[in-house]
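Order of writing sets the chain letters: A, B, C and D. Residues in each chain are counted from 1.
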Amino acid sequence: MAGNTIGQQFRVTTFGESHGLALGCIIDGCPPGLALTEADMQHDLDRRRPGTSKYTTQRREPDEVKILSGVFEGQTTGTSIGLLIENTDQRSKDYSNIKDLFRPGHADYTYHQKYGIRDYRGGGRSSARETAMRVAAGAVAKKYLKQVHGIEVRAYLSQMGDVKIDKVDWDQVEQNAFFCPDADKVDAFDELIRKLKKDGDSIGAKLTVVANNVPVGLGEPVFDRLDADIAHSLMSINAVKGVEIGDGFDVVEQRGSEHRDAMTPEGFKSNHAGGILGGISSGQDIVAHIALKPTSSITVPGETITSQGETAEVITKGRHDPCVGIRAVPIAEAMLAITLMDHLLRHRGQNADVLTETPKI
Amino acid sequence: MAGNTIGQQFRVTTFGESHGLALGCIIDGCPPGLALTEADMQHDLDRRRPGTSKYTTQRREPDEVKILSGVFEGQTTGTSIGLLIENTDQRSKDYSNIKDLFRPGHADYTYHQKYGIRDYRGGGRSSARETAMRVAAGAVAKKYLKQVHGIEVRAYLSQMGDVKIDKVDWDQVEQNAFFCPDADKVDAFDELIRKLKKDGDSIGAKLTVVANNVPVGLGEPVFDRLDADIAHSLMSINAVKGVEIGDGFDVVEQRGSEHRDAMTPEGFKSNHAGGILGGISSGQDIVAHIALKPTSSITVPGETITSQGETAEVITKGRHDPCVGIRAVPIAEAMLAITLMDHLLRHRGQNADVLTETPKI
Amino acid sequence: MAGNTIGQQFRVTTFGESHGLALGCIIDGCPPGLALTEADMQHDLDRRRPGTSKYTTQRREPDEVKILSGVFEGQTTGTSIGLLIENTDQRSKDYSNIKDLFRPGHADYTYHQKYGIRDYRGGGRSSARETAMRVAAGAVAKKYLKQVHGIEVRAYLSQMGDVKIDKVDWDQVEQNAFFCPDADKVDAFDELIRKLKKDGDSIGAKLTVVANNVPVGLGEPVFDRLDADIAHSLMSINAVKGVEIGDGFDVVEQRGSEHRDAMTPEGFKSNHAGGILGGISSGQDIVAHIALKPTSSITVPGETITSQGETAEVITKGRHDPCVGIRAVPIAEAMLAITLMDHLLRHRGQNADVLTETPKI
Amino acid sequence: MAGNTIGQQFRVTTFGESHGLALGCIIDGCPPGLALTEADMQHDLDRRRPGTSKYTTQRREPDEVKILSGVFEGQTTGTSIGLLIENTDQRSKDYSNIKDLFRPGHADYTYHQKYGIRDYRGGGRSSARETAMRVAAGAVAKKYLKQVHGIEVRAYLSQMGDVKIDKVDWDQVEQNAFFCPDADKVDAFDELIRKLKKDGDSIGAKLTVVANNVPVGLGEPVFDRLDADIAHSLMSINAVKGVEIGDGFDVVEQRGSEHRDAMTPEGFKSNHAGGILGGISSGQDIVAHIALKPTSSITVPGETITSQGETAEVITKGRHDPCVGIRAVPIAEAMLAITLMDHLLRHRGQNADVLTETPKI
């Protein structure tokens, strides 16, 4: 119980259902003196927002966030920051038909069994709509990390179905609707999405999240390692089924002589580790990959049961992404930023001196 | 800071360095009335222990755990349980030579930078020796889960290098030194290890962890999802670089119609989800996979620097596993058990009634 | 940092400044299936609300709370509950004059020093206005405790200045504007308040909080004892300077033979302990007393300094209670209820069986 | 459950029963680079130790603490510190007679009801013996606070029974067996103890704890206020029934014009607040008072029941202090030090810059 909070020193707590009155969030522990306005969060909220391109669900939500506290005369005060986004486009009628159905691949059944009651409208609390507040909170972390430490947290789509990118050009990421860093793959992604829409089906995706300029020393062994906490925050995103740090599962076939990153007076010669050694940031780029499952909200008929345990068939009509992974790009950035922010503050408390300037070799 | 604790209601806190006087652990929140003796922990400690087979490091440690508190007349009392394992085979001299070296792929550099001081003897706190206490604490969780709920937590080696298992026969797992469930692959693993020893090199591995009879309802959305907390606990194991739940990264190429697990009055028809939907256990087997990197402690010379920043070469002689993944099997079981135990207690607090008997369809 | 949350399993996180847009709260961990509407909270909010009697500040706030999530079709769903109260009567102009003054006895100076920036309007986050959300959250806890366990949490004013009550008649508490359980003292309190208003001064108060029907077994030794957590939650209320459990400071002059509560087959013969032994509830009434300091917002001139460190004089005009202790009665009830609720859920997790029915002698 | 940990960033977790094999503690979050040896803890352990004077219990325990981890070459490394004290003088036979008795005023009954099982030997976990580890952990905090910030945490006995001190001379505190700062009262205390021994009875006590040189800014409103956390840590000490900050319960009869501490360019003119305003340290001395109940372990016969619910009489023979308050002096210092240390680290994380030097007016 009480699982709606993440972070210890930069602590984010959220509430809100897909079709409730509003989504909300409390950011506790944000350092004082950070210039902050709604606009700082709106950009990422718009990147996540549905209905922004023909590739994502057509639900229309302005997703306008309001700062209710913690900011005075344009600066954070160090007190808790209250954020609110009102749900304007609710359309509960869309969902009444699945009131007594457990949609396969969804949380309907588990919520029903765990709580004995559930808000069936659009998945209620289990809807990805909840991630809007993660993005808002993450934007605050991203701004602080960038301004105070020059840390940049970015992500991109590295694979959808069997289409993989071949190169990473950060300038391309915001140039297309897929957050794809490889201009040559945009058409292939486009084609795949069209086919899926025709088939009424969906597909999985792989994202890559990267943080630059991370100081050495973040992470608290042996349990709150930076990689362990990153795994927690990324795996907490809806639909994520796998998390990798650095080379991830490729290490299974690697030899020690190949995997370990050599060090020189000029720095590391490679980054198989993904910027983390012994659970502590090494000063290299932090690199993580996540796998997102294909959404189960498709028009292909699915076999399931009712809450009375009778056989039933499900066809999910309405507004749904063929690939939920696309819109997860800003969410993944947000979660990594929140975790880095939390560890930055945790580390400073114990080692205030050590971090006065970023340690160098 | 303060990162040596895992769990909220079943809380495990550990201490101890590779070559310190002892390793210790406090288990807080264990329910009262559980019959418990050292023997309950010793079996798993022996499975993890070095020097048990020709495939693992020859360091000889009896790893005898002592219960110092929390147990009275053979039963847990509900108070904190203190556990201790004395280090008997320390051989500090082995390590003095790397006092000023940052071994590539190890935590030497990051600990040095984070804390400004480090216990260089055998990696100090960053040594896998620390995992002995995880196994001891995990054994307590495993016993409770088994006795009270019939939950069984087991793991096996599913891949080493490019050698993959083809079938899973649980009876085989304890019959060979690799925790390999496929008798036909034992020779291949054996051969691979011999070659690596000859080459003085190491290799990565992939493990699979499974929990049976898990009740529906464990996991606390939206951040403390069961899968997110499992990712945290498994990624906190030394050398782990990737975690998958269910189909993991395979979902990237799956379609929704293929991935979602159909439900029938008799139960689920498949388990692509790995037993977790919306962050809550579904009553199916919980299945997770982890990737462990090859150890960097090899005799192949490595390029690195000294703490003074000068170029240096490292050759790690002494007692080291060519594949640290093998001994990680009981550790992975322990971490999954600890996380399930924690969530079982957390869930019971909020939903005492709901869990009186395991919900069925 | 990150200090705006209380409780572990029944977790309350708040935000909001005296003159910000709104106050808010997230209740995480409330069990599902509890019937809940705004009306359940409004009663206590009205008891706390300013402007309700001639004895309390005349600031006019409807203090209407809105449930934004966590409740579906009139019942809690087990997900996080978002609550909001908009600030309607802000009057920032009242406060601009003290923008650069550190009002003696207030948090102006400490907030300024801690954060380097502060919302000076009405004390910002340090204003007692924040307690409205505590009362709203406490009302949820009170309802659950009452319905599920028959636990009743109530409080009264036991002393103001040198006027002490002689008897406790619970029926009287809601019959007068002082929450006074002794009808014979109402006039004396009335007179005292009139005099203070004439003098432009304020006075301290002592409150008593009592919980009936508390089951045996709540509290987690050795640090999270029930009494220790009650001390934390009650001391966290603005202006509280002292907390007593049972006989409190009277024990200093008591002998062991007098203090210890004798037990008989019919139960305890006295309750010097205040319902807690060894940090665990004994099944008797839980009794606590708190001391609230006199507000520093008075028209008697006060000596202080400016944020530039220059001498200055302060006279606080405007809407202020001569005795803030009066309105603290529902706040004290709320904090005790939140702490009992948290411990009830914590205890159930570990001892699900034990608490099936309240243990009896 | 899981209540044996205190602190968030400087986190202390303990285990151990009165007559178990050993007491232990893990300190997590201690900054690296602090010179630390057993001797640093032994002094306070000896001050707390029984059998040191004719006024305290004659149980003879060397209470020798051993550092098992977290310290390398005489300095803390930033990793978790394991501490151990073996129980050498156990005498279980003393207690077998009360195996089935619920001693009035003790935790026997509540532990029995909460857990369904209890270690009856000397109170098991509920024995004050547990506080030895608090003192050891507190000594580490005291040393850090002193060395790094010049903060001094000290306590004294201010009242026993009806004997109150009239003046505070810190030099006297360690000159007598009562930690009494008023030399003129030592005889009166001595006489009172003799009388109690003759009567086979016990008495309560009041202690005062003071911290000097505390920087401005410690404390995290609104719930983790410094005063709220101090109340928690002091109330968690065995036998404590009341906690006051500054003027404490005297504020009930004070007027605002009298209570509020005037500020001048030279600093505050008084300290009614006890060094905390709005839950944040003001830079003045932090002053707290606690009330300790008289021990119930006396030879005066007491009325009680057996675990079968039958009437019984209890006479507690053996080794017991007529006034447990005396030995609580070092314990109170330890708890205040632990809480200040925790808040110092918490504050530094969020406001690293602000605390570079102690803020002055």
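Side notes on the structure shown:
Just so it is clear, contacts are C-beta pairs under 8 Å (C-beta built on N, C-alpha and C of every residue); 3 or more make two chains touch, one makes a residue touch a chain.
No experiment lies behind these values; they were computed from the predicted model shown.
Shared contacts of chain C and chain D, meaning chains that touch the two of them, come down to A, B. Comparing the chain pairs B-C and A-B, the larger number of C-beta pairs in contact belongs to A-B. Of all chains, the one whose CA centroid is most distant from that of chain C is B. Remark: chain A and chain C have CA centroids separated by 38 Å (rounded to whole angstrom).
Measuring from the averaged C-alpha position of chain B to that of chain C gives a distance of 45 Å.
Once the centre of each chain is set as its mean CA position, chain A and chain B turn out to be 26 Å apart. Shared interface positions of chain A, defined as residues touching 2 or more other chains, are 1-5, 8-9, 14, 29, 32, 78-79, 114-116, 125, 221, 345-347, 349-351. Chain D meets chain A in the complex at residues 8-9, 29, 31-32, 78-79, 221, 345-352, 355.
Within the complex formed with chain A, the chain C residues making contact are 1-5, 7-11, 13-17, 20-24, 26, 28-29, 32-33, 66, 68-70, 72, 75, 77-82, 84, 114-119, 124-125, 345.
By the touch criterion stated above, chain A contacts chain B in their complex at residues 1-6, 14, 102, 104-107, 109-111, 113-116, 125-126, 130, 159-162, 196, 201-206, 216-217, 219-225, 227-236, 238, 240-265, 269, 272-274, 276-283, 291-298, 300, 302-305, 309-311, 346-347, 349-351, 354, 359, 361.
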